[in-house]
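Shown next, in structure tokens, is the structure this report addresses.
Chains here go by letter, A, B, C and D, matching the order in which they are written, and residues are numbered from 1 within each.
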Amino acid sequence: AGVEVAAVSSHRVGRLREVARRYRIPRVHTSHEALINDPEIDAVHICTGNREHFALARRAMEAGKHVVCEKPLAATLEEGRTLAGLAARAPGRVHAVNYQYRHYPMVAEARTRVRAGELGPLYLIHGRYVQDWLLWPADYNWRVDPARSGPSRAFADIGSHWCDLVEHVTGEHIVRLSARLRTVIPHRVPREAGAFEGTVAPPAGAGRMDDAGRSVAVSTEDLALVHFETDRGTAGSLVVSQVSAGHKNDLRFELNGARASLAWAQETPERLWLGRRDAPNAALTKEAAQLGAEAAALTHYPAGHPEGYPDALKNLFAAVYDRVRDPSRSPSYPTFADGLRSLELVAAVLASAGEGGRWVEVAGNVP
Amino acid sequence: AGVEVAAVSSHRVGRLREVARRYRIPRVHTSHEALINDPEIDAVHICTGNREHFALARRAMEAGKHVVCEKPLAATLEEGRTLAGLAARAPGRVHAVNYQYRHYPMVAEARTRVRAGELGPLYLIHGRYVQDWLLWPADYNWRVDPARSGPSRAFADIGSHWCDLVEHVTGEHIVRLSARLRTVIPHRVPREAGAFEGTVAPPAGAGRMDDAGRSVAVSTEDLALVHFETDRGTAGSLVVSQVSAGHKNDLRFELNGARASLAWAQETPERLWLGRRDAPNAALTKEAAQLGAEAAALTHYPAGHPEGYPDALKNLFAAVYDRVRDPSRSPSYPTFADGLRSLELVAAVLASAGEGGRWVEVAGNVP
Amino acid sequence: AGVEVAAVSSHRVGRLREVARRYRIPRVHTSHEALINDPEIDAVHICTGNREHFALARRAMEAGKHVVCEKPLAATLEEGRTLAGLAARAPGRVHAVNYQYRHYPMVAEARTRVRAGELGPLYLIHGRYVQDWLLWPADYNWRVDPARSGPSRAFADIGSHWCDLVEHVTGEHIVRLSARLRTVIPHRVPREAGAFEGTVAPPAGAGRMDDAGRSVAVSTEDLALVHFETDRGTAGSLVVSQVSAGHKNDLRFELNGARASLAWAQETPERLWLGRRDAPNAALTKEAAQLGAEAAALTHYPAGHPEGYPDALKNLFAAVYDRVRDPSRSPSYPTFADGLRSLELVAAVLASAGEGGRWVEVAGNVP
Amino acid sequence: AGVEVAAVSSHRVGRLREVARRYRIPRVHTSHEALINDPEIDAVHICTGNREHFALARRAMEAGKHVVCEKPLAATLEEGRTLAGLAARAPGRVHAVNYQYRHYPMVAEARTRVRAGELGPLYLIHGRYVQDWLLWPADYNWRVDPARSGPSRAFADIGSHWCDLVEHVTGEHIVRLSARLRTVIPHRVPREAGAFEGTVAPPAGAGRMDDAGRSVAVSTEDLALVHFETDRGTAGSLVVSQVSAGHKNDLRFELNGARASLAWAQETPERLWLGRRDAPNAALTKEAAQLGAEAAALTHYPAGHPEGYPDALKNLFAAVYDRVRDPSRSPSYPTFADGLRSLELVAAVLASAGEGGRWVEVAGNVP
């Protein structure tokens, strides 16, 4: 929507030129420093592995750029605090984190309805984020390695999306939690990450344990079970797994309130389930006349013309560039404060799991 | 199937005669003692409220009857131990507890497949049992009252079914758990239980809080969140609620194993979901040629002719009376040992919740 | 519900005694004449193949019995007229035909809502009845043979159920139609029908074409496509097939009216889909408080406790015996007039298909 | 993907400039002639109402441009023949028609599987394309007016998509058909079409019949019922409607073959249903490892990351521009020959309906 991808950078020069030619990107840089310091560039997107986020984001901020950083914002809570602090001192710049699931129309609609009180006070929040791309012992990805991904894998990689989404939709904040982490596949065979380039999430591994049989001990969790409580006292339960056969990117949440329930699932994103005691359950779809202003603004096609994951991403980037053009707007995208929030939850999950599931308080920037 | 309902008993004589006439039951008794001691009677079904189970079951056993007792087997763990002990000393009699969900064909099929190793070792068990019939503060039933139902409500009443089913299907036993119980509606308006006679579970209450506004403080939980671990180390998560709008009798479980997944939901009982990493997910239906012997034996109509809850009950009773006729068979129904097992889980849940969700061991008769 | 199965008859004496013993049926007859003339018998159920319906029903009526006849009422339109005529002259007796799908609670609810005008005038009726049990050339059953089943197979056997249901629910009558019949498997291997005894519909054949390879030419249709128009001018479309892989007993219909739509599917019978332009689509379930009196009366368990095909049959028989006990009631079950109606539709379908799909008028007893 | 939108044209200058600025389109023309004759332009997209397609396409072809024309290719069969003839004489140019549903990954997968014989010979093709945006009498759009849209509305506007898709997937051609057309709302209130600009399909009308109450007689059909037969003798049935409450853009088809069935629905486009007699039915999803090369090439995100309608459009345009760049490729998009094909089907439907549903042959370019 009227934004020019002005430059890309990579240390792999061949691939870089190919991408630039294919997408007609005028400027190429063979180092990220060059790109970050290019005066023609307004905004920098950081899409590297987790470990690099901190240094790249900090440099881009120091260069005065708008920054859109992939989640997690940083590899440690400490780094996250530094970045969020820097961001707070440059309120006229965009500092976004890529929690794109917020930008589905029906998620916006859920948020509108919950906040308008359609469900009444909430009693219970429950759901799951389950995948199967790490099911076989031969599946491998840099995310398995704590040195590159951080000490939590399943929770930090996907559970964090679920928590971001649920806090965003409900306006409630998780203040206490109890977590169990499990590594069900104790050894995996490392493979070259390069095999997966060009996909958003790594596709499924090619097979079962190979004969050569190099393998490494795995310390990051394959699955996470979390109980939590919000600042308004609502109880919650979340199941996270990367080893649940048959589930591809199955993020779903349900909210049970005193008046009604509401549920949404990422794999069928154009449908909002409304559960009721005294009327038939209903399935709201993306029919403009039945949506609030927030959801309608994220809707680009008529009802029955499914929009999906790329459109949620597009909506997030549109929100970012609307504010790049007009910094007087307030941010309508996830910010570095939200990125920090997520790191606090990861830290709490690790702390609780490390103590046998003890209930722990979440540190926090909750207002 | 060839069993005569020979007698009924009740203290309410008018209703008793009406039932006897309608169902052509030859013998009526105005006290349960008279029925229990009637020499024409082989087997006694105990369908009263929870509090009466113990005394009635003990007397019926003392009179040498076969006994089919509604769940829970008894109001306390101690009573349950007494009854299970008595049952162990009369192995030629039937002592069944009404966990009828086991007797759906597709549940039997799930059990067959899990035990045959189709899923591989299990990694994760998760699910829920959620209802909405106690959503409004004006909803009331004897189950709300701990003096009549016991100290746990949502977990003991329905969560116990889920655990029974999952242990039955997987052959694994829950050995440790952490539970949170919540009473989200602190006061309710008591009403006459009689209003619901003749339904299997009490239907939804008639409305919201009435004006007269008598109300009582509620101590039993509206919802329960449980994390658990089985004797084979499988992790588990269960959500139980009687205040989740839009859910009527929504019991569902999913098993994620090293090779495949499997899921079943009570409200669509003829479908078994098979989740796979390397092949499309599939929906097994009640097609005799595709079922194992156990499920086929519980199937009375061709595929596409839905059998439901009454048929599961019928299957349980058929299993009971097959053994009444031939006590040399081994029991293929839930026994008093299973009833005791369930009380042990309830006790563990109450213990854990009472200590802020601490992980506790489940006492037990696990072999 | 208080009805005694007083006698059974069969020419196969061994099987007869086994059934009588298993179900505790006091009287057995080795000929249907003896049963029909037994003065202890009030009502006769005719469950033999189609060809025998006429003679048995006539004799039972002559003996003054109540008669419940399997569908189709008779093998020819002429026979059907004779039986309906006899029935009209004995209005105090029950003459029922087994269109049991009418007796699902949600079908009754559909009828109540359509008749109350909730959909507005109807614009379009569409649906299907598709199965796969005759998919392979080696699948065989007496229904394939026109001498035993009649000249139409797929339409007469199952399409007739769909039409009965849709006329029952809408109160509209099909007055004109255009039909295409197709026999896609021109030869089949005949097998002993006896193999399937004891199932309601014959289960799937045991395999593909056998080596011996006896085969017979097939003249009855495997699939039927029908366009129709009702007495109120509503357009309709129906697809019928017994060779559609993956469909077991997949009867479904949808009604599109000026105000709303409604759909029901037999394999998920407890759900009524409500389609709307200006509100989210909804799924009505068997929640007593949301049902009309007719549906509530057919409901025996709370919402979420699925009742199925056996319960629809039970409801039909209950309607029959309510009127056996009290003939002053008006029939609330499908009558011989409905059975004749169905034969008229079969005749019209055969006539249209025989003339290349020409639109033909349906003869009729439409009031 | 590397294609520059070089120019736009419109007679409405204000809107034109706004669009050009928003999407950074360098060249603007205030007449289509100017755009068509602009030597910097390689390819022209024609997105005007149906009536203008012919003249614009012809001029663009005369100017030697590649042409992408919205469906229908032209307003009459005669015009379509002219355009297809012109296209045949310029084989090195792209002449595409916008049947974008072909370009969903799972549609490509369906085609691959059908052609590989996975279903066996087909017995039956059935489905529907139903919408509700013209349900109320106050709903209006230029499509209602035969002078602007052509003599067929529901079939030509949407039924044509269904037929294109089914012929594309099966490789079979509809050679004979019988059709019924119905106008259920005889008068409508015309409104300014301009109100809907910027949406792909017109959104739902604003309300019911207004008070002013201007209304026009409607001659184009609201619904169409079609029976057909293909060149390989497969039977077919299609239901088309723009007045079916609760359906937004509900295009679905099912294929029943001698070995298996397959079904796809546009509103849940990432799922391909596989129906089987001897194995559980399955739901293939967009998992790259399970897809053929054609579907994999249309897949840009991992399984579980839903791609939708915009992505199908994108895939069609990518196929167009791949061939613009390299005209030696054979077309992998719908061509003007396909556009003509569709007009032949429309003509056959109108002819059959005009003669009371008589079976008519489809004229044809079937090879």
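The criterion applied here is as follows: a contact is a pair of C-beta atoms (placed from the backbone, for glycine too) under 8 Å apart; a residue touches a chain by one contact, two chains touch by 3 or more.
Model, not experiment: these values are computed from the prediction.
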| item | value |
| --- | --- |
| Chain pair repeating A-D, as identified from A-B, B-C or B-D when over half of the contact pairs by residue number coincide | B-C |
| Reference chain D; chain at largest CA-centroid distance | B |
| Between A-C and B-C, the pair with more C-beta contacts | B-C |
| Separation of chain C from chain D, taking each centre as the mean of its C-alpha atoms, in whole Å | 40 |
| Where chain B and chain C are represented by their mean Cα positions, the distance between them in whole Å | 36 |
| Averaged-CA centre spacing for the pair chain C and chain A, given as whole angstrom | 53 |
| Of all residues in chain B, the ones touching two or more other chains | 204, 247, 274, 278, 281, 285, 289 |
| Interfacial residue positions of chain D with respect to chain C in the complex | 123-124, 126, 128, 130, 132, 135-136, 178, 180, 182, 184, 204, 222-223, 225, 227, 235-237, 239, 241, 243-247, 254, 256-261, 273-277, 281, 356-357, 359 |
| Chain A residues within the chain D interface of the complex | 1-2, 4, 21-24, 131, 133, 199-204, 247-250, 266-270, 285, 287-289, 300-311 |
| Chain B to chain D touching residues, read off their complex | 274, 278-285, 289-290 |
